[in-house]
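Order of writing sets the chain letters: A, B, C, D and E. Residues in each chain are counted from 1.
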């Protein structure tokens, strides 16, 4: 087990934060690291962990470089330096090796982002996840599409799917397609692509145009999302909507500007910070002041992950990993991201109340449009993307 | 024109040349003979700046030449045809020759080219052929021709006849004389010591990196020590 | 010989004895020294030690073929991945002992190496072309694995955690010295294999063929067969590294197994340590493995005066990159190569 | 060595595939074309839609032009200096960021950035060659590989440090879809393709028709020989490497409106660029363009045959086949 | 008894007929010298006979066995060894190890290989270089190393491509003596290419003259050198008197 017992009173309580601070995912990793830092500062500023005599938190940060081996040995190091809990890590492969370190050392690990369903299907006792699973996102995405299009009086009948070929995109697609069939939507084509090497989508979008689909569902990452927007603008496929599901681009604040108008009207059904929550809005302002960058959802998830741990410490009254783990399992904490309810974990460690919300690019900004209680604006449907 | 004074040089700290003295005068053919491994090639490489002397001095045309870079020495008129010819294999014969005149003005190039073609007519005939597909003898002629394109004041030849048929050997040695007659000094390393000495105005005998004998070529050819050691007589 | 020939450099001495036995002796001493190591190292350092030794295994494998054999490969990930996936699939789906996976993985990798190697040699690929062809094969395996249900597509495999420590399943308590011992033992075995190979008939032939294949064939060396044997051994050693990797990290996916980063990791230590030398890969791994940890640690708590560097993303990699360039420039023969040159100079 | 006919000895190393593809490049080009046409017909049969196939062809050719563009500097450095330059992608990324900076901070037109980016990258190339790579000349393949790997890590992470990790983009004023043969393409992509054609033409002229180009080829053929005709080989090496990086600079500017600009963007092109270099024959800039287009077509048409498989798979299959049939690349010389 | 038979061998490079319908026979224990202008196809002929190149047509028989198109190592195993005009040492190895590897490749055991190799090294006069890496050796030593390696497999036929080129006249003598010794005392059959006529005259029983890939003439050395066609194509008129 961890060396938390050695903690002399007055020493800070250590929490490990493992993110890709360099490498190809550094943009998100640094956001998340900053989110975790802000959470620690917030807890300390509010008087620390009161049940432990106001003990302060200390964040032990590590750069996983996006490499599972590095993640593993850094996690091992942080655990042996006395961390009582870990947050991380963005990439599923890295989360997988960090999970084994957590499980074997019996130190709780709260995953902020990593979508792979297999992470929580190992029967591990010490691994929890805040974001919704890929399957939930796929299913929920189909429901949103159905509801929004019906409400607009133009029900989505034929849907074409374009998804990245990894486990993430595939699982999302499967969940979406199954639910879409139930809801009476016809999936006319499902084409996958390699997000690492794709450099142009015009052929795929031309094929979508030829297929007569009225909605294009897209599940992928940031770079490919931007490319897709460009292709849609070029080909003008005459769709009612480009509908992202767990799309890594369409709900990112920079996206509208980067796509230079090409992304107008794009939907994304994704886990997202709750822009209607004043606490979140305050955090966004703080984030911007501290790091000179627009806050993304990832930062909020890390923020929440650290808060989950802080709350568990408060509840346990002991800075011991095992006690913290048990307290995390009992979490009941209001979230800064849009959810169905407070963060609370089921027996596999999945956040029961995690859910995606629907955003849309309107007037060069990403706004929340659905469900109604989270909506900042009304969804525009049909959105006639690319016109 | 060229003089080496007490030059020592070698590879990886291992000395091959020991305090070597050598001079070549204006318009002279000087031959350098010696056993295999005596350091003939090393001498030429040192003069050309490919090997740095560890001590001693080299003067060429009245200026210090040791420590200078090979390409600068070429600019000063000191040109070598190395043992392995160092042709530009994929380039055509004509391109090879034109590269030989790299440092010369564009206008004088055609003139120089004509002179080389006159000396080695085969090179004109094969102008468009890639150098690497020439036969050994043709390659040797090309290497000499390329060196002449730079209009050297001193031409150094390292074993120009090795591997050539007897007929071509005569041709090459003959060409060397012609070159000298055009006013170019020649420093010649040659295995056919007999011919080399016959051809040379002066010669040096190199042994273990130092010159042990020197004098007019034909005279050395009659020296008993030389006959025994190098001519195998 | 004539009297005027260059001075003899070597005097009449009895035939020099080759230093093979010395190599083996050093290896033995090293093995003994390794035994208490995990007992004194803290858990985090043990993790680094294991990573170093996995690198070393890969580099030893790479060196057999690319160092001794001169066939510069840029696709060792293929063998590593075959070893890793064989083990992972057997353990995760059949619950078979990983030791079997290790052996089978080595066999499969060797077979794959021989087939690919045969075609590459048959079509006389050389130099950069050979390197890139091998790279292409590794990439093809990665793409196939990513899209094949047989190996779980891009999801890869999680190795189930055992409830108890188990030698049979190669799983122990976290921080157990057994991990270090096992990978150290594998490394010692690989080193021994590499030493024996280098001194074997085939090994000598391969080195001759590396220097000049035409000359080797002309003295009667069956060049293709020898090279294929080197490839097979090389692949097998690398596959063992892959198998152990899976068992230690308990996770594998196509990128981890077949990605180009893996191939680079096999090359780095060998080049830093000394290509084509017996000890190069091991020394290189020992230097490089902890290097990134050292730079990361240094920048986590920067020395006085450099505090502004703290927490800048990417800086640790920059320092690492600069060190890498400096090492390669300063020691072109690798660390062992440079040391050996210095010794022999004396 | 005091002997001759390197060629006759080299013959022993030549592949024994007598008779195959022997009749010079024309037959090779014809065979390649026939295969391409066959692939197109098959793609049509498979997808059943002329517009989609047409779109795939147009996109393939245009994307291929971009691949060729990224490979041009690489093939030059590879062919002449014999350096497997892993840093090429990083140079590209650097050029992308320079272009981005020129457009966003200085307000230049994206293509005017060429005027700054190309000379700047040329200068950087000289610095890197003189400062670092010249010390590794003549060292084995793997040493240079590691050095360029180090340089690429250095550049990418410096970009990360200075520009941060957030993705950026450059917008081409007047960007729109252009209709070509019933297919559409971004204007910027068409312009990048034209840029690739121009660049290939310029490099070809430089290498084949100028004195400097002949000197570059001479140095590539025989370093010592070049010194012996008075060529300052150090200078030529530096210039060649710099021309290679300047190509990356040109490619970066032309690509800037097309891609998401991140420190790692260049690395995405690296692998394909290597494949293109080998396909086209090392040191052959026109080959790089043709190879790039071929890869672009394979990728796009391959996606029609095998939807769901990564298009890279078909690229690598074609690559390995070509290597086995012609180990020196489609348009390379056997050496 | 005829040991080596070459029948109508041809080999072209991209249209150039480097070797054109060349045939000859060598009886056991005899010495055949091959001469001809540069580019006549001598090295190419060797490459074909030794298996480094496959002939376009024609056949090679060694001791009655058809060895056409066999890979080089099989031909060596069948009893034929060759040297390279452009020397090809195993540069990372010492002179002794160069030869020891060749001994092993010829079937020698690993234990005795170095001892056997040491004898050969002495015999060709490389003793003083024995433990030196072969990459810094002077030309003369490299030529001898080629010879030593070829001898390691105890060949019945030895193909020598210009082993004397690059040696000063005085150093040619011991090598020629060695070749004579091989032939006298071990019955080795020699086929050699050489431009040094003194050696050709002294060593060969018969001479084959190639020109432009074809056999120009063949016969006893004294006759061949008087043939006007040979003088025209190859020997030329010496300006200053024949070297001895």
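A few notes on this one:
One rule holds in what follows: contacts are C-beta pairs under 8 Å (C-beta built on N, C-alpha and C of every residue); 3 or more make two chains touch, one makes a residue touch a chain.
All values derive from a computational prediction rather than experimental measurement.
Counting hops only between chains that touch, chain B reaches chain D in a minimum of 1.
Each chain gets a centre from the mean of its Cα atoms; the one farthest from the centre of chain C is B.
For the pair chain B and chain C, the distance between mean C-alpha positions equals 49 Å.
Chain C and chain E have Cα centroids separated by 42 Å. Separating the CA-averaged centres of chain A and chain E is a span of 75 Å.
Each of residues 38-39, 52, 84-85, 88, 138-139, 162, 165-166, 170-171 in chain E touches at least two other chains.
Residue positions of chain A touching 2 or more other chains, listed in rising order: 22-23, 26, 29-30, 165, 194. Touching of two or more other chains is recorded for residues 1-6, 9, 12, 157, 160, 165, 263, 271, 308, 310, 312 of chain D. Every residue of chain A that touches chain D in the complex is listed here, in rising order: 22-24, 26-30, 165, 191-194, 196-200, 202-204, 206-207, 210, 222-223, 226-227, 230, 233-236, 254, 257-260, 293. Those residues of chain E that touch chain B in the shared complex are 16, 35-39, 85, 136, 138-141, 162, 165-173, 195, 197, 233-240, 243-244.
By the touch criterion stated above, chain C contacts chain D in their complex at residues 66, 72, 119, 123-129, 131-133, 135-137, 139-140, 143-144, 146-147, 213-214, 260, 264, 267-268, 270-272, 275, 312-315, 317-318, 320-322, 324-325, 328-329, 332. Those residues of chain C lying in contact with chain E across their complex are 1-2, 5-6, 8-10, 12-13, 15-16, 200-201, 204-205, 207-208, 210-212, 214-223, 276.
Those residues of chain B that touch chain D in the shared complex are 48, 50, 69-72, 74-75, 79-91, 95-96, 98-103, 132-133, 135-137, 139-140, 146-147, 149-150, 158-159, 162-164, 191.
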